[in-house]
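There are structures below to look over.
Presented sequentially are two complexes of subunit A, the first with subunit B as partner and the second with subunit C.
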Partner chain A sequence: MMELLAGIALIADPVTIMWIVFGVCFGIVLGAIPGLTATMGIALMLPLAIRLATATGMAMLLAVYSGAIIGASIPAILLGIPGNPNAIATVYDGYPLTQKGRGAEALIAATVASLVGGIGSLILLAFFAPLIARFTLRFGPAERAALALVGLTIIASISGRRLVKGVLMGAFGLSLAFLGPDRITQTMRLPLPAITAGTPLAAGIQLVPALIGLFGISQALYDIDRLRSGRLSPPQVSFRGSFPKPRVFLRMWRLMIESLGIGTFIGAIPGAGASIAVFLSYQRAQRRTASSDGDTRAPELGSGVLEGVVAPEVANNACKGGALIPALSLGIPGDAATAVLLGALLIKGVVPGPTLFIDELPLVYAILFALLLANIFMVVFQLLGIRVFPKVLATPVAILLPLILVFSLLGSYAVEGRAIMAASFNMGVALLLGILGFFLKKNDYPIAPIVLGLILGDMLEQNFRRAMRLARGDYTVFLRSPIALAFLLLAVASIAYAVWSSRQAAADEKEGSGED
Partner chain B sequence: MMRRVFVLAVGLVLMAAFSHAAGPPEVEWPGPDRTISVVVPFSAGGGTDLIFRELVDEMNKYTDAEIIVDNIGGAGSATGTNEVLGLPADGYTVLASGAHTVTATLQGLTEGYRELEGIIGLNWDPFIVAVHRDAPWETFEELLAAAAEDPEALSFGNAGMGGATGVLTVGMNLHFDEVFNVTPFDGGADLIANFLGQHVDIGVFSQTEVAEHMGEMRPLMIVHPERSTIPELSDVPTYEEAGYADLNVPFGSYRSLSVRAGTPQDRKEILSDIATQAFESDRFQEYMRRQGLLPEYSRLDGLDAYFAELENLFYPILEAADLLAD
Partner chain C sequence: MPVAWLVFSVAYLLFSFSIEERRMPGGVWDPGSTALPSGVAVVMIGCSLYLLLKDVRESVRSRGHDESLGKNGDGFITEKSHDPEAGGVRAERRMLSATVRLIAVTVLVLLAYVLSFRAIGFVISTTVMLFTLTYFYELGDVRVNVARNFVRYGIIATVITVVLFHIGVTALQWTRYFGRLWEIELLRSRAFTALLGLLLWSVLLWPVFVVMKRRFSFGKGSRIPLPGGAQQAAAVTRASILAVSTTLLLYLVFQQLFRVALPTGLFG
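And now, the complex of A and B:
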């Protein structure tokens, strides 16, 4: 009890709270700029944080982390461009909602969802951290490879009726993931190695520039194209009756709990990351909305449904608490952002890990309390900002679209910060994939499977090969691990369901073709 | 035509004048308003990053210029190294070099140390070979006997083939007739997670990593002629004490500072002096003791010679692991 009070006392002073407010605001702005990630924000603030008292510095970094995640949902919803990988799945229903004039409502739903995810995972972190951390340790190479496979089946869900095109795009994404050093032997896998070996391509295609190109630049080009042909009407954002009724959220309680579980758990598996969690929870939302009322005429996910915003936003905020679970209880970072947080602790001479809960209990409580405050401030500032953010859309499109292009390129440059060569290369990647994405979009190919392939290709390949190496070529390793086996069955079921529902949809279309 | 030639000539004269004004007669380099960046070719918060941040913090006390750390990770350490090689050789960009630079160069990922010149050699961070507390082996000898019974049944994890732990595991495996199944993981944190989950039998870790996880790791030997200066690890036997005095592998991570070849000698000397003062400061010496880092000081040409020694040590190991550039 004394430790709890001592911990709260470390945070509950005006200076620390001021740093939390600063961190949240900085994080929101940073997250809202396409390409700037939470990791980057934390790394940027690291030198400042280590000059502050340990608890104060950690509180500020956690505030940046929280702000950057919620900030990323703003451009995802309003412009169809995820601020960073956390908001990849928020785009699918967030942007259509904006186009329907319900942008403010979507932003508020995302904010409520973020609060649920943030606080929910904080509770799990506070009470079950050692337990969850122990369980995630059972995720070895075989289990992670199987999880990645489940993730790839999401391609089927997000492609909808364009199943073949979706699979094709997923394969393209996978092949992008193969560029660069072989993850096991470190030998180079490059086209024209004589020319490309010394270039930044040797490090492979980075996720963030790919994301900016495929979502940001391609969207801007697409809009310019529509503007030219007079088919682009700027979306209107009205505030009247924009606050979704509480019962809308109450209706989604199961989805929220599922997304919370998925987010916290995936976040806690070292190296899995929020981008997988948001897609998995989005897929759950799809299943839920499809099966809840048995009515196939219910608004389809992807056409602008609040569930499609809520699920990933609960999950990505839950990931934040989740990633701290192995970080604090085992000293292993759950993602890149928590790796920098751990670094900050180490610089201050605090060793994270099992002993942290014994030697530094007040600090642990301080971190938890700081995270609570960061979550609350994040929601407060986001809600205040909602009155301002949609004004972006009031900007004439002729000015807005070039601005988006400029920010997208800046964002892709900033990924590598001061590495001039790699940063310029990333701009090229973003631009090329942007142009490619534009043509794909025009021809009705889904873009998201490329990103999924790129993210999961790496995870699948290296863990599969590692598992095979550890098992000395024995494939039954995937059947002997109960976790891996369960994932494999889930993957099979997921594919079967996708095939079945796409046939069903095709049959329905034939039947009711006169009604549309 | 004449006009153009004239303009060109005037331009050249002006340029010469300006470059002269900015050039030689400098008594005080780097000058109080300039920034020197130390490029750490790994991401922020990692082991190597923390050591250089500590050093840079101390270096700032001995110069009026501002010295900062820039993290440029990727492709092992090749991305950051290549960035340094792409910038002017003016002493304003310094690379956090070391064993990783040698391995990345030998792998052909960068021109690396062939295009670099030494400023200061700092220290070794010796690695520890450990098994899980629940594992049956109490000594390295027992482990080796078990491995020899069924070659490749026991997995020996490292944090990535191209890095220092990769070289160590491959080198040890060669020395012990390839009885281990050397398996690379995706960085140090990934290796620890898999080790704690007992997905890999043996691991190679830095001392701080072992000290953090003493509850679950059983250190079998430290790959260095001297014992660790970290109290918890002081009873871990050295490889000589464990009975393998002929084990000729790199000890662990070696760290140094380098600049691009062609940097003026006087600037290199100034940088070296600043770094030496920081290195010799009580604070940094105490920091190294606490972290178990073993000083291995050299400067300028001395470091270049040391790099050549490292290349000789690494070459056969990388060759055997098929990691050399074609």
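And now, the complex of A and C:
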């Protein structure tokens, strides 16, 4: 009880609440601009977050995360352009509703759905994360190394059909993680040590500039293409009689609970991603509306039905809490955005896992409370801002891109704060990785695996080496431990599923083009 | 791309061999500090070779294909004669080369920014960088015939920023001085001085922006005839406003609020 109160006290101060409000507003605006993702927003805010107190910084990042997710539904509904891939399913019914003059109604439905998904998954997170964390107390180095391997197999699912490219990028991330001092023996691992030993590279590649470069700068360079298309043309949104009645939502309670379950479960599977969850829940909504008492007058999903907005939005927001379950309890990110959040915790010296739930319990409660507040503010600002959103969507790309670029570079500089030499070096790292990320995107290489490699490299190496030492060089230690074996099987299954589903998709596409 | 990755992977493998091999104390069975870097390098070489072979195989297969197939800006294969939006191959190429020029200028400006940041200082380098990027992004291309206006208004924007910056910083220093003198904690607090700076600069910037907007009123009534007309006038105005206001705002956020030591450079 004392820990709970201490956790709430960490968040319930005016400064932290102000940062949450700022984070939510920033997130909503960012998510509303097509092409800018939650991951990018969190990466951009990371330098500010690490200069705040741990709980305040995490609260702000979670607020950006929450805001960006709900923000992505705005262009999906008003323009028919999803703010990010996770809002694709929202387009199917959201945009037809706007075309019918019911855009504001769709936005309000999406907001209510987001609140249900966000708070529902938060409750599940509060229940499951400590249980899993307690279970991880049984883990030794072999289990941890196997767990890191499972984390790395997320590469398979986030790479889609580009599996080999994804593995290459993951290995590249690991290769960057191994630069600098070896954490066990303190051996310097530097190319051209005579030159580089006296530079900030001797400390290794810092996570924040790498994240900012890969997600911020590369995306801004990539979006230069959009300068030719200019600004988006927002529609006129009608607000007359736009508030859906509570009974409309009460009628959908089953659909909401199902979508909540789907979203939280899929979100908790590392690498599964919200895009799978939103389509599964949309499919569920399709079945539900089709079987609604054989009512032939009921409009079909896809023609502008509120259920088609509510189901994917509940699932999308539920993924947020779901993805935090493995992140907080195991230290394995559920998706790219939680990978950056995890990075923020690690930079602050907080190690996710059982110790977090034992030594830093107030911080855990603070994170949960911050997420609750972020969800509430998210709803408030989404509802207040409905009239403003069409204007946000009209922000010229020519103004947006220089702001992102300068904020990215100064953000990576600010990580070191007062050490100007190291700070300038970080700017260089961010820029080089940004340029590299741009070329990788242009050539259809996935970027998120690099981040996974960077985050999990240290965990994999240290635990693998310790496990080998304890087992006296016997590699079967990973097969003898039931937990490690289970993780290895999970890793194999994850890769096999990714390969199978990508082949299936390729076959379907081939079949489709054959029919055309 | 796979060739570049192959070269990097081989270089990384060679680098991993050059690392001093050390094991943890008493750890004969510790694979050592080179094991995983070497392993990762081998994986990278394998993947690069696979991608290289795949590329070669695909290029051989597509050699005999119809010449009318080309790649659009997003890298998708399109049939040139049936691309309705691009307005023909020439227009598409022109668009692509403008984008390439913009990307090249962006990369060069960012490189110059990073390299000159410490020497020139935060205020000047940030203003110039923001002005340059916004100006060319507004025009949608990098043109030589606008160089004179670019230099002239770039200098004006930088001078405005430097003058306002010095006025603001001096005011903040005095505020803190009086805070110490009269022992008023509020006048010394980071949040208060940042807010004060924001108010002061907003008040000072307002007339500057009003004058600029009037002088460069876009469209028919443009008082200053610029080559390129309204588009140039809009580019100059937006770039100046964005560069000046953003630089000052970033100074408040990073230096005043978060105590980040931004380099003073030429002012040092």
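The rule is simple: the second predicted complex is superposed on the first by the 279 of 516 C-alpha atoms of A that agree within 3 Å, B and C clash if a C-alpha of one lies under 4 Å from a C-alpha of the other, contacts with A are read in each partner's own complex, and residues count from 1 in each chain.
The definition used in the following text is that a contact is a pair of C-beta atoms (placed from the backbone, for glycine too) under 8 Å apart; a residue touches a chain by one contact, two chains touch by 3 or more.
Bear in mind the structure is a predicted one, so any value in this text is a computation, not a measurement.
**Student:** Under the stated touch criterion, which partner chain does A:Arg472 make contact with: subunit B (first), subunit C (second), both, or neither?
**Tutor:** In the superposition, A:Arg472 contacts both subunit B and subunit C.
**Student:** If we overlay the two complexes on their shared chain A, which of subunit B and subunit C does A:Ala274 touch? Say first, second, both or neither.
**Tutor:** After superposing on A, A:Ala274 lies clear of both subunit B and subunit C.
**Student:** Tell me the contact category for A:Leu10 with respect to subunit B and subunit C: first, second, both or neither.
**Tutor:** The answer is neither, since A:Leu10 touches no partner chain.
**Student:** In the superposed arrangement, which partner chain does A:Ile184 touch: subunit B (first), subunit C (second), both, or neither?
**Tutor:** The answer is both, since A:Ile184 touches subunit B and subunit C.
**Student:** After lining up the shared chain so the two structures overlap, which partner does A:Leu341 touch, if you call subunit B first and subunit C second: first, second, both or neither?
**Tutor:** first
**Student:** On the A-aligned overlay, A:Ile420 touches which partner chain: subunit B = first, subunit C = second, or both, or neither?
**Tutor:** A:Ile420 sits against subunit B and subunit C alike.
**Student:** For A:Leu115, using the defined touch cut-off, is the partner it touches subunit B, subunit C, both, or neither? Pick first, second, both or neither.
**Tutor:** In the superposition, A:Leu115 contacts neither subunit B nor subunit C.
**Student:** On the A-aligned overlay, A:Pro333 touches which partner chain: subunit B = first, subunit C = second, or both, or neither?
**Tutor:** first
**Student:** Quick check on the output: what are the common subunit A residues between the subunit B footprint and the subunit C footprint?
**Tutor:** Common to the two interfaces on subunit A: residues 184-185, 187-188, 417-418, 420, 469, 472.
**Student:** Within their complex, state which residues of subunit C touch subunit A.
**Tutor:** 1, 5, 8, 12, 15, 19-20, 22-24, 27-33, 35-37, 40-41, 43-44, 47-48, 50-51, 54, 73-75, 95, 98-99, 102-103, 106-107, 110-111, 113-114, 117-118, 126, 129-130, 133-134, 137-138, 140, 238, 242, 246, 250, 253-254, 258-263
**Student:** Flag every residue of subunit A that touches subunit B in the complex, lowest number first.
**Tutor:** Contact set of subunit A toward subunit B: 43, 46-47, 136-141, 180-181, 183-188, 197-198, 200, 202-204, 270-271, 326, 330-333, 336, 339-344, 346-347, 351-355, 416-422, 462, 466, 469-470, 472.
**Student:** Could you list, by residue number, the parts of subunit B that touch subunit A in their complex?
**Tutor:** 37, 43-46, 49-50, 53, 68-72, 74-76, 78-80, 82-83, 86-87, 107-111, 152-153, 155, 160-162, 166, 181, 183-186, 189-190, 192-194, 196-197, 199-200, 211-213, 215, 322-323
**Student:** Show which residues of subunit A lie in contact with subunit C when the two form their complex.
**Tutor:** For this pair, the touching residues of subunit A are 48, 51, 164-165, 167-168, 171-172, 174-175, 178, 182, 184-185, 187-189, 191, 217, 221, 224-225, 227-228, 396-399, 401-403, 405-407, 409-410, 413-414, 417-418, 420, 423-424, 427-428, 431, 434-435, 438-439, 442-445, 460-461, 464-465, 468-469, 471-473.
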